[in-house]
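Listed next: structures, encoded as structure tokens.
First subunit A sits with subunit B, and in the next complex the same chain sits with subunit C.
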Partner chain A sequence: MQTTQTPLPPEAESLFGRPTRAKRTERWVFMLIRAGTYFILACAAAIFIDIFYKGAQTVFQLEFPFINVEFLTDSPQTLHVFEYEGEKMEMKDSDFRVFKEETGASIVSQTYAYSGGGIWPCIVGTVLLVVGAMAIALTLGVLSAIFLSEYSKPGKILNAVRLSILNLAGVPSIVFGIFGMGMFVLAFGWNVSLIAGWFTLAFMVLPIVISASEESMRAIPQGLRDASLALGASKWTSIRTNVLPYAMPGILTSSIIGVARVAGETAPIMFTAAYALRDQLPWEGLEHWYDLFFQGVMALPYHIYVVSAKIPQNEYTSQMQYGTAFVFLFIVAGIALTSILLRIRMRRKYRW
Partner chain B sequence: METDVPDQENRYDLSTRRKSFLGFTKDDLLKGLFGGNAFVSILVLSLITLFLFKEGAGFFGQYRDSLRLYRLSGLEYVETMRQEQDALSALNRYLNSIRTLQSEKLVDSGMDFMQVKAALRTDEDFYYAFEDLAMPLRDFVLEANDIVGTARDSYVEMLDLKAHRQNLLDAGRDAEAEALKITEVDLALFFNLVKSRESEFLEINRTLEAAIPQLLAEPPVYDDLELNAKMERFQELAAMFLEEVPDFESKVTGWDREQPIGMGNALTSFIFGRDWVTNSSIQDWYGIVPLFTGSLLVALIAMGFAVPLGVGAAIYVNQAASRMEQNIIKPYIEFISAIPSVVIGFFGIAVFGTLVREISNWEALSWISFFPLSERLNGFTAGGLLALMAIPTIFTLAEDALNNVPLSYKEASMAMGSTRLQTIVRIIVPTALSGIISAVLLGFGRVVGETMVVLLCAGNRIEIPRFTEGLGVVFEPVHTMTGIIAQELGEVVHGSIHYRALFVVGLVLFIISLLINYVAQKIVIKFQISRG
Partner chain C sequence: MSVMTNENIPKPLVEKENVPPSEPETTPNRSLIEISNFNFFYGDKQALFNVDMSIKEREVTAFIGPSGCGKSTLLRCINRMNDLIDIARIGSGTISVNGVDIYDERVDTIELRKRVGMVFQKSNPFPKSIYENVVYGLRIQGITRKSVLDETVERCLKGAALWEEVKDRLDTSGLSLSGGQQQRLCIARALAVEPDILLMDEPCSALDPVATAKVEELIHELKNRYTIVIVTHNMQQAARVSDKTAFFYLGELIEMNATDQIFMSPDKEQTEAYISGRFG
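Now for the complex of A and B:
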């Protein structure tokens, strides 16, 4: 539909004469909205560049192995800033204690909470949350979508169900958060725990997974199913061989979007699953195997909230803040990019 | 696509009956599995709705009881007196600010401490005299508040004890229940104690009415123009206060303790209440107006940026951009929606808020009345960032709508000799308008429901933005409905009135978002382009 204008040859230019007023306004307006468009891109780029530039200083380093392993594998600690023999030093809490013992000097230090150490427990917590929540959401969501698209009888009820699922997809995440808090944390007595977070996040993405999966199944022409049934295949066989394979890319994209959403949201886990600080990793110090589910975890998005809202902004704390934001943005943006690229490929592949 | 066929040997054997289990074939069982899952999903999703309603519904009853107690205990009665006292203290604060300014000016003129003190002495009598005037009223209000406050607290304690006793009786622990000593508290008794001293309050007012004009007759006169202007303003304010005194009085004398408080009062107090005060020693107020207007203000600021930019970008990409630009810009803007909100909020705290404040300090902008800003976190900071979150939604949906306009429309218009801009303005945008409007609505819904950005960047001051101040209102710190849930939910007691109030706020958000989604869909369906 694009009408790219080729430059007119000189004789044509004389034929058309000077550009009319309408043409000139058109040029100006197009320039204006073009500037607006690039302004949006520039604003987003400013955020990316700011976080990647400042975050990279924490996450990467100049010497071998080029990645700040300590930042990625240590747990968050208090940062001590102090002067020792005329030198200004920064140390995380555990090093600081050793240092104090070795030198035997009494050192007065300024402390900054959460600013030392690394973010390993947060990464672990986020991965656990995403895996569990998506397992629940995908099982429930995809199977429900198969039912709604293939088995259910079209009618008013189905339309109403579809409409309400679509509407629920737009409900703010904090509403799911307050629901999860009231239902799982308090009414069920699960307290702040992985499992409460799983269910809260799963229910948050459930409408998205259902409606996207169903849509990709309904987009498959009825003819494929009919042909399969006409050859004597059972209903399930025809779904398995003629619907699901072609709907799979769509389901996959929608589930990747779901992953990005689950990983990126803070509001639902603030009260259901996330701790601001926890010394142990999830698999440490368990009495029973099922205790794994009933413990809170640290999570990257909540950690960013904590380090940006609860501690002051200065040169010592900003390393931790930007480093966490960098890692988090990298993970979520990576997932999202995968889904976008996949969708572009898919659009080219299947055109009915 | 690979297709694996499980029962290889039976594949062409049509006469073999399908295996069945308890009379169900495999297909039936699978259908049951899918149906069961769909049932669970729908059940769960409707459960969310029900649960929100259930937890929220209890709020109004509890709030009514709280308001009733507020009235019966007489706290409401004393509150009017307190308002008068607050007005008087505000006057005193203003006077103090004059005094501070005066001493600052004296210090600036090069005097040392003793000289300043000596110079101030001449005017000090006036300041002190005014301060003394406020004393009797303050003492009276404090005492009255003490009485009714204590009465209310012990009344609540009595109710708690009674409930506890009932629990014990229900559990069959009669002996323990008997051991509980409960003193009956008669609220009316305490209230009458205060009411009987109403004449004292009136007397204090008489004194004020007599003494203030007397004092104002001889105001201090300064050598400084600014100070004199301020003193004049002070006199005006004092006169205004005196005019208000009869209002306070009539409110106090006309107050009726017996006036009933019903569900309606609780409902209106929530919907139209202008205060959201929690953990107060006097009375907690749960009025949604400051939060609602805060959310609205932030959303409007965001939409002010996002609508022109988002729709403009959609028109540009769909109608004017080259193919290469399209292929880059579309995924890019889609990608923006993947930035987690907490990261954008962090960016707001770390960079954007500071930037906004620094720009407001520029000399070139000093002509704007509300610049420079004192707060770096305000409605504008949050709104600007939220715009970036709304743009992908608006852009994607609006672009879709534009894409759905049949090409023949455009071709017909171009064939009539109109320019591309004329075609866009007269043909394409009007045809796609329903889609664009629903895109804008959904973008609005996204902005209203966003939590982390407003929690981090909106400043979190629970006050109704002063819309009468003109454009400066956008730079005020505000609190929002989503923000208040995120901020206060962590510290509430399960089942308390505060907990339920937050659920009602959540319910309001839920309803707003459902409404927006519903309207957006209706608009699209109703004004669908017929391709006939």
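Now for the complex of A and C:
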């Protein structure tokens, strides 16, 4: 366009002139938006690459079967590092005892807490915590979302309820942790247990679940409700058949965010559900089936916290930290992926 | 009806005793809907003033009038869809369908709405297959027998003049149909619960002329079996499809008469002014 030879008619001049103010502003805004996005991407990439690079060294190995099975299936143990016949050896506690007995030698070893063995109990505990807490949060959350969006009368009280739910989302997680301890652990006498952790975590994500579910229900066109009522449906039938199914993808989206938070938060379970170390797996040594709910568990985020903040740091603990973080990311991604796939399937079923 | 299984034998509208027995169906075109001295409010604002009206069986009655005149409000009162609006309330007066006061507290609105079907201004098929759209009303009554459902789908889609166009793709989404087809699907869906009365709230306002003509043709055919009340902004449409026309203005029923009478020689000055296009 710049190579136009013929003189421009005066009315066309403005089309070819210098960039106008609006155009320059637009360019700046666009660059700003792009810079912001790239900055966030760079930060996320730095974190992920760091965890993946260092974590992969713990989780994977060069020899067959290429995955460090012991790390995924064993409990955390003390690591013994010692010299034996001129060779430097690393051994987890259980192996070390056997070794000591076999050789009969008196070996002086350096010990590193939590740095040997694996994180299997933490994986189990985290999965149990996530599943239970999300089940509670989705049940309570969807029920109250139905009430707020379909049954309640608009007005000041409803607005106050909405506002307090939103505010609850901003409460620091440690406050939920302390609330959970006061309420479930002490007042209800559940002690440090799965069920106390479930409710504490569920309460923490309830605001997210309620507001996202309510939004997705309110986005369903009123026409669908009217149509089903006009065909002789009761209000509940109409909600069950024409609101909930179509709101499900939105509800699942909220649950994806919820899962990530429930799995990742340390503060709420610190006082309510998590043990730093426990020998038995949750299903071992139960007297009654319901004892399952009333026992503490190990959990990945708490384990990361313990390993990186509660014990002296060295190269061995660092391996454990990165390996745990790696596995943790993997599990959260897996659960989130399941929800996303489920959502895609539902969306396909109800194509708008 | 060949599908009279015991599931869909109509239940009495009012389930307790001392209900005025409906008169035997001897005279054709007896009055089916009686509205008397009806006052209706949205909050403090009165939407309908002392409406008196009688709607005859198997006739098409058109409600016309400028926007906000209360015609849709009255229509939605006939199957109590206004119950859904929190601030809506009845001042005084009654609406009775088939001799039963539908605002009697014993009336089951679910049963009422099965008898008084409704087609909305904006076509609103469910985001389900065409088949599931039609049988929705039966499914929620717990009818699952495939033969009954299949038969209903065919009968209602034929009744709504849609069968030939969709019979090969009953499994596709109702939303994949064109606007006019969607509206006829909504009519088919309403027919499936076998109503006596069909309320239509500006059913053609979002349709092009060809689709409108099809729906109007359909209304003509449906008249033989159903009592139809249609709200319309389009006066030509009222003239084309209806037997009786009611003109509303500012919440009052100004005039109601045979359609020819209203359009040729209305009694009231305001009616004449409106239909000749001087206001509204």
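In this text, the second predicted complex is superposed on the first by the 292 of 352 C-alpha atoms of A that agree within 3 Å, B and C clash if a C-alpha of one lies under 4 Å from a C-alpha of the other, contacts with A are read in each partner's own complex, and residues count from 1 in each chain.
One rule holds for everything that comes next: a contact is a pair of C-beta atoms (placed from the backbone, for glycine too) under 8 Å apart; a residue touches a chain by one contact, two chains touch by 3 or more.
Not measured: the values here are computed from a predicted model.
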{"item": "Which superposed partner A:W283 touches (first subunit B, second subunit C, both, neither)", "value": "neither"}
{"item": "Which superposed partner A:I165 touches (first subunit B, second subunit C, both, neither)", "value": "first"}
{"item": "Partner chain in contact with A:G223 - subunit B first, subunit C second, else both or neither", "value": "second"}
{"item": "First, second, both or neither for A:P154, with subunit B first and subunit C second", "value": "second"}
{"item": "Subunit B versus subunit C as contact partner of A:T241, first or second or both or neither", "value": "both"}
{"item": "Partner chain(s) touched by A:F66 [first = subunit B, second = subunit C, both, neither]", "value": "neither"}
{"item": "Subunit B versus subunit C as contact partner of A:L337, first or second or both or neither", "value": "first"}
{"item": "Partner contacting more residues of subunit A (subunit B vs subunit C)", "value": "B"}
{"item": "Partner chain(s) touched by A:Y53 [first = subunit B, second = subunit C, both, neither]", "value": "neither"}
{"item": "Touching partner for A:R34 - first (subunit B), second (subunit C), both, neither", "value": "first"}
{"item": "Shared contact residues on subunit A - subunit B and subunit C", "value": "232, 234, 241, 246"}
{"item": "Complex contact set, residues of subunit B against subunit A", "value": "1-3, 14, 18, 26-27, 30-31, 33-35, 37-38, 40-42, 44-46, 48, 51-52, 55, 308-310, 312-313, 315-317, 320-323, 326, 329, 331-347, 349-351, 388, 391, 395, 407, 410, 414, 419-422, 442, 445-446, 448-452, 455-456, 482, 485-486, 489-490, 494, 502-503, 506, 509-510, 513-514, 516-518, 521"}
{"item": "Touching residues on subunit A, where the partner in the complex is subunit B", "value": "1-4, 22-23, 25-26, 29-30, 32-34, 36-37, 39-41, 43-44, 47, 50-51, 139-141, 143-144, 146-148, 150-152, 161, 163-179, 181-183, 186, 203, 206-207, 210, 232, 234-236, 241, 245-246, 260, 263-267, 270-271, 301, 304-305, 308-309, 313, 318, 321-322, 325, 328-329, 332-333, 335-337, 340-341, 344"}
{"item": "For the subunit C and subunit A complex, residues of the former touching the latter", "value": "79, 81, 84, 86, 110-111, 113-114, 117-118, 120, 122, 124-128, 136-137, 139-141, 173, 175, 186, 189-190, 192-193"}
{"item": "Complex contact set, residues of subunit A against subunit C", "value": "153-154, 221, 223-224, 226-234, 237, 241-242, 246, 350-352"}
